[in-house]
Amino acid sequence: MLKLENVDARYEGFKALDGVSMNVEAGELVVLLGANGAGKSTLFNTISGLLKASAGRISLNGEDVTGKKPSALVQAGVVQCPEGRKLFPEMSVLKNLMLGGYVHRRDRAGMKKTLDHVLEMFPILNDKKDDAAGSLSGGQQQMVAIGRALMGRPKLLMLDEPSLGLAPLVVKQVFEAVQSINREGTTVLLAEQNAFAALKIATRAYVIENGRLVMEGDREAMLGNEAVRKAYIGA
Amino acid sequence: MAEQPLLKISNLTKRFGGLAAVNDVSVTFEAGKINAIIGPNGAGKTTFFNLVAGAMPPSDGTIEFQGMDVTGMSPDRIARLGIARTFQTTMLFEQSTVLDNLIVGHRLRTQSRLWDVIINSKRLRDEEKKCRARAAEVLDFVGLSHLANRFILDISQEERKRVAFALAMATDPELVLLDEPAGGINPEETENLASLIRKMVRHGISVCLIEHKMDMIMSLADKIMVLDHGEKIAEGTPEQIKNDPVVIEAYLGSDEDVEA
Amino acid sequence: MFLQQALNGLTLGSIYGLVALGLTLVYGILHVPNFAHGALYMVGAYVSYFIMVEHGLNYWVAMAGAGVVVAVLSVLCERLVFHPLRHAPPIHDKIAAIGILLFLEAVVQMHWGADFRRMPTPYTEIFHFGSLTLPAQRLLIIVGAFSLMGALHLYLKKTMTGSTIIAMAQNREGAFLVGIDANRVAMMTFAIAGFLAAVGATLFAPINLVYPAMGHLVIMKAFVIIILGGMGSIPGAIVGGLIIGFAEALGGYYLSGTYKDLIAFVLLVAILSIKPTGLFTKGVR
Amino acid sequence: EEVTIGFTGPLSGGAALYGENTVEGLRMAATEINEAGGFDVDGENYTIKIEALDDKYSPSQAAVNGKRLVQQYKAPIIFTPHSGGTFALQAFNERDGFLVMSYTSVPAVTAKGNKLTVKIPPNFTDYLVPFAKITMDRFGKNMAVANATHDYAKYWTKEFVPVWRKMGGEVVATNPMDYNKSADYYTGVSKVLAEKPDVMFVGGASEPTGLVVRQARELGFKGGFVIMDQAKIDEVAKVSGGLESLEGSVGVVPLADYNTPGAERFVKLWTEKHDGVATSETAYHYFAMYLLMHAMQEAGSVDDPAAIRAAIPEALKDVDPKHNPYDVTAITDDGNLGAEPQIAEVKDGKVVIRETRDYKE
Amino acid sequence: MDRVLNFLASPAMKIVLLAAGILFPLVASSEYQIYVMALAFIWAIAVYGLNIITGYCGQLNLAHGGFFAIGAYAVGLLTVDYGWAFWPAFIAAGVIGAVLGFLVGIVSLRLKEHYFAIFTLCVGFIIYLLIEKWEELTHGTLGVISIAPPEGFGLVDFTETIPFYYLVLFFLVLAIWLISRISRSLVGRTFLAIRISDDLAQSLGINLMRNKVLAFVLSTTYAGLAGALLAGVVRFIGPDLAEITHTFDVITYLLVGGIGTLMGPLVGTLLITWITQAVQSFEEYRMIVFGPLLVVLVIFMPRGIVGTFLTWRGRRLASKAPAKQSASRVENKNSEEAGTHG
């Protein structure tokens, strides 16, 4: 479904992605592991068009999407739930969610359905739906961000550290939610620090280090890999 | 010290409009201990810190620090009394060097005024030396001496967290409040950070921290307070908290495996 | 007499409100006060003058023409100046806006000179209601301004496209990520703001004069208004416009004509001294 | 040889047109003089070069320009069309040695005893009695003051109100308005009209004055207007809705209606090369340039400002009437050029010319 | 090349600049140039004032021109209406600037960001309107005529351009010296902390109000004294001095030179002053050039001339230094003013 070939990305002079090639098949749940600053967010931003790849090629279902605008990618079904949430802080939670469905704005019934689904997944948002998103706690905001991404009814959902700052109980819920989203047919690309929980629901995983993909493997292989355990799972 | 708690909170309440972000919380923290605050998102943990640090006035209740009523004091006065804090999102002076960032941390222990600057008084020269020395000292303490002349822009996330610790330490605090110090860093670094926190306590600084990383909290804390919907729902040792059905229900969840 | 002054206040208030609306919208996107907005207002008046007086076309054609021209100009400012500066610290946008202002004034002055010009109105009737005098043009100003404000309010609140403007204002990247084409939204906002400024100027010009410095005081008052009303708030801009309009008309009449222009500013200073975030803003973390 | 005559005034910003008009007067005269082969002083032939610098109406910029004109361009004479510029130049003109030709009616310019200053326009005080008499006789004794707020307007009010009172009149309302900044005059105009005046004293720049007149009429005012000399009746009429709206007003005579051969010739000269209306400031500067040429000849020097200043009374006699649209004939010791101006009254929809001397008490 | 760069940023450069300032009257081709230079120095002092509150402390003050005018009017009114001599009036101008700065500061500095900017914009406008309308005090639109010049001593006569030039140069050097002291001291670091974040500064025990007000008072004192000097040389002032355009001018000088840098205010002021003089002959067309120039400058040289130079030099030094992985991303590395700009 998604294919990257030798993609580079730069911040001014600094090469943050170096020859990244990866392949995500439809229906997979692929986890991206990496230390801080390894380039996970950079990779996501490059895929979703916020950053321009300085070399290489990105294609979606065989179609070249390198250098496309983010709005075009969302239209094509690639939705990112970004690190740092990037909510609309002074808008109500509900408005935030509705805007998540911006590309489906003509399909009111469909939007309503997705909205119900999201509110069911995060009931607290229902209580807070008229509050300004910026007044929510960190974790609540994270839920809004995930919910907003789901409202775009993604074909490929990219989640950048969705568990950041979440309580264990909520983390668990989030992972369950991700898993069920994936089961319902959405391809998921997940960047996580919480490697163990992520791998448990993954089909496959990549490890990124200093902007390079250094390892790839399916769930069992990864969970069993000594180096991975040591670096990302701890103990 | 022993008879007098370091921090004594009574009936602390903070309302935002109709919402009680912190609701009638009473708790005491002992000196020389690591006290943790946990709770679901939006439970009011950061708000609790904001109240203690004076960043916002409470709607109700009192805060006593070392036997002194500090309720409603301005944050800078509270800092001078010996409460330092770090923020949930690390704030540093990106375009200065690590050392330059830290020098101002000791400013509150100095007396120099504009007049001293104009006449270049001895006091000013002494104090600048003192601030510099203190900066070097805390940098050494957090183990980053080798980065003294690097720019904040150039150092890693975990190093920034350490610099933020050092900055708080530079104020010569009795108590430091750490808001999710291990947010966004990997397990190995988390462990390093935990040892740093232990080291702070060994040096006579009391610590109060907010974290969601349970394994870290459980191994680190002497005492844990659990907040939910602004209310204190439990308090006790890690052992007690782990097994408290109320906490499990509200926060931890019954399935242990997500904590791996 | 009170009613007459109230009517004057309403006239002034609706023009101020219209200009402030554009300003508040652009503020939302730029996050800085756009000092060039007053110059757009001025250019709007000149374009109308050009179409109507120099080419003898109809008043409404002139208004539409000015609206379009200034909208395009406003979009150009966004593309050429503010877009490249979107990551710069706020002070830079302000300076750049001043640069635009100097430039536009100089261009207008080069072409038309600095003298006062007069734009006639096709509506010269004067209505009398008892002791109340209401020239048709003033009626037009009030009705025109309020219909525009109403329409804009509905557009922003009720349509998804309207929401995108607000979304953009709050988080650019966030807007990108839900599939909003941020550039288009920014351009649209600037276009609307420019259009409003030009229409406001065309409405107001017939009862005033057209000259290169005509935007200065209006824009200062518009700043006061958007602060009073809370930056980025549409109803705030309208209410703020009315407050200032009435304060000036009534204050100028009952208190002091000499210090009339001070009223708006003193009001602002007083209000902000008591409530540092303006009248209508909600506290948000 | 070339003599440089300096000018500092507003050539950009809100007052640019005014500034341009004044320099244009100098340029017209200089071009004529140069095309006629220059002029002779002490056996040497000279042409004139006008060096005009922009000061945006700012006094400190005028001072900078003054320094530059004197030192870089060696100008013995500097024109400036505003009081602020004049005051700033007066801080050093005696020391640095240049003559200030000031186009402003502000009395303080010559009242402070500066020896090298000439004030070009006539004293507006000559207008006061005739203005008051004509309007009072026709409409009544109650006057409302609704003129502008800038310095010149204030001088006028200060002088005019006592004259009006002395002649038995009363001031029923005083509400000067900022003609250059106000967004709307309705408030101010309705405020003074509430006191039911017979006569309104208005005036500032012509166009805003026209607006004030227009709005007064809209609000039902039927009396006459005393129009301060800064505003020109013909231009006021364009905004206020024609001469009919000015019925019963008094003001200065538009240059085009002025009854001197110099004025007629000047207006013709102007309309050959420019569009728009010839203004008095241009005509006065045109005259002043000729006056100075003759003064240099009388003084026998192009670079001794004191001598040039001293020669002006003589030079006044030398100026050809065709170069003297306003028939300026005298200069006071303080340096005020003087003329006996004419007055315009709007009567039955027409401008009627009156002589000031007919109204002396 | 590097040697030149290092020299340009070294203390020796300051001595060279000072020498140039002292020698300028000897090489100037006319008194006019000296006069312009003296005026530019006066404005530069005002710009240094703005740099304290805006460059170091991060609060955009749009009333700066108003305080400049207040200083000028203090001298004008005290000497003309109350018969004071210049020097006492000059000191009074500084004090009045400080006191009014204090009063405005304690009200306005509670506001954040644009609210502060627009609030001060309005304060500036109120100052202007008061000067224009409050005739009993200020002479209104008539302005203040015949202001006393600074009294000289012995053979020195400050109504002469060259002695006045040296007088202004003296004050300018004093102003820069004080700022360089402050910016490197604990006080300056405190301002910087506030610029970066109010919350962080407070948590470090910094009293926000006290420090912001201090910076504000310093800046208005600078503005007041600069205005006083202007009144002493031009000797006539009108309300136009308080117009908002002067604030914009001052900000432009600051930005062009480099906000938050030590030499930026001087460089910016001198450069623009001389460019303005040079394009005088374009008369009204010059804004057509100047406006876009300003835009281009902020887009392509956002740190101003001095800031850009320091950054560029920093990059160069960094790239020469033993290769560090991230060295190329260093935004801003320089020894001279590391702590004071950004």
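In order of appearance the chains are A, B, C, D and E, and numbering begins at 1 in each one.
Keep this in mind: contacts are C-beta pairs under 8 Å (C-beta built on N, C-alpha and C of every residue); 3 or more make two chains touch, one makes a residue touch a chain.
For reference, the UniProt names are A, B = ABC transporter ATP-binding protein; C, E = Branched-chain amino acid ABC transporter permease.
Not measured: the values here are computed from a predicted model.
S.K.: Just tell me the minimum hop count from chain B to chain E, counting one hop per pair of touching chains.
M.R.: The fewest steps needed to get from chain B to chain E is 1.
S.K.: Show which chains lie in contact with chain B and also with chain C.
M.R.: A, E
S.K.: Determine, using the mean of C-alpha atoms as each chain's centre, which chain is farthest from chain B.
M.R.: D
S.K.: So the centre of each chain is just the mean of its C-alpha atoms; given that, what is the distance between chain C and chain E in Å?
M.R.: 32
S.K.: Could you tell me the distance, in whole angstrom, between the mean C-alpha positions of chain B and chain D?
M.R.: Using C-alpha averages as centres, the distance is 74 Å.
S.K.: Go ahead and note the Å separation of the Cα centroids belonging to chain A and chain C.
M.R.: 42
S.K.: For chain A versus chain E, what separation do you get between their C-alpha means, in angstrom?
M.R.: Centres of chain A and chain E (C-alpha means) sit 49 Å apart.
S.K.: Give the residues of chain E touching no fewer than two other chains, as numbers and ranges.
M.R.: 133, 284, 286-287, 326, 329
S.K.: Listing for chain C: what residues touch at least two other chains?
M.R.: Expected reply: 106, 109, 258, 261.
S.K.: Please output the residue numbers of chain B that touch at least 2 other chains, ranges allowed.
M.R.: Residues 16 of chain B touch two or more partner chains.
S.K.: Where on chain E is chain C touching in the complex?
M.R.: The touching residues are 54, 60, 107-108, 110-115, 117-119, 121-123, 125-126, 129-130, 133, 244, 248, 251-252, 255, 259, 284-288, 290-295, 298-299, 302.
S.K.: List the residues on chain E that touch chain D in their complex, please.
M.R.: Interface residues on the chain E side: 30-32, 35-36, 39, 132-133, 135, 140-143, 145-146, 149, 159, 161, 230, 233-238, 240-241, 277, 280, 283-284, 286-287.
S.K.: For chain C, which residues count as touching chain E in their complex?
M.R.: 31-33, 80-81, 84-85, 88-92, 94-96, 98-107, 109-110, 220, 223-224, 227, 231, 258-259, 261-262, 265-266, 268-269, 272-273, 276-278
S.K.: Any idea which chain D residues touch chain E in the complex?
M.R.: Per the touch definition, chain D meets chain E at residues 11-12, 16, 52-54, 57-60, 63-65, 67-68, 70-72, 83-84, 87-88, 90-92, 95, 106, 108, 112, 149-151, 154.
S.K.: Applying the document's contact rule, which stretches of chain C touch chain D when the two form their complex?
M.R.: 1, 4-5, 8, 11-12, 15, 106, 109, 113-118, 126, 133, 135, 204, 207-209, 211-213, 216-218, 221, 248-249, 252-253, 257-258, 260-261
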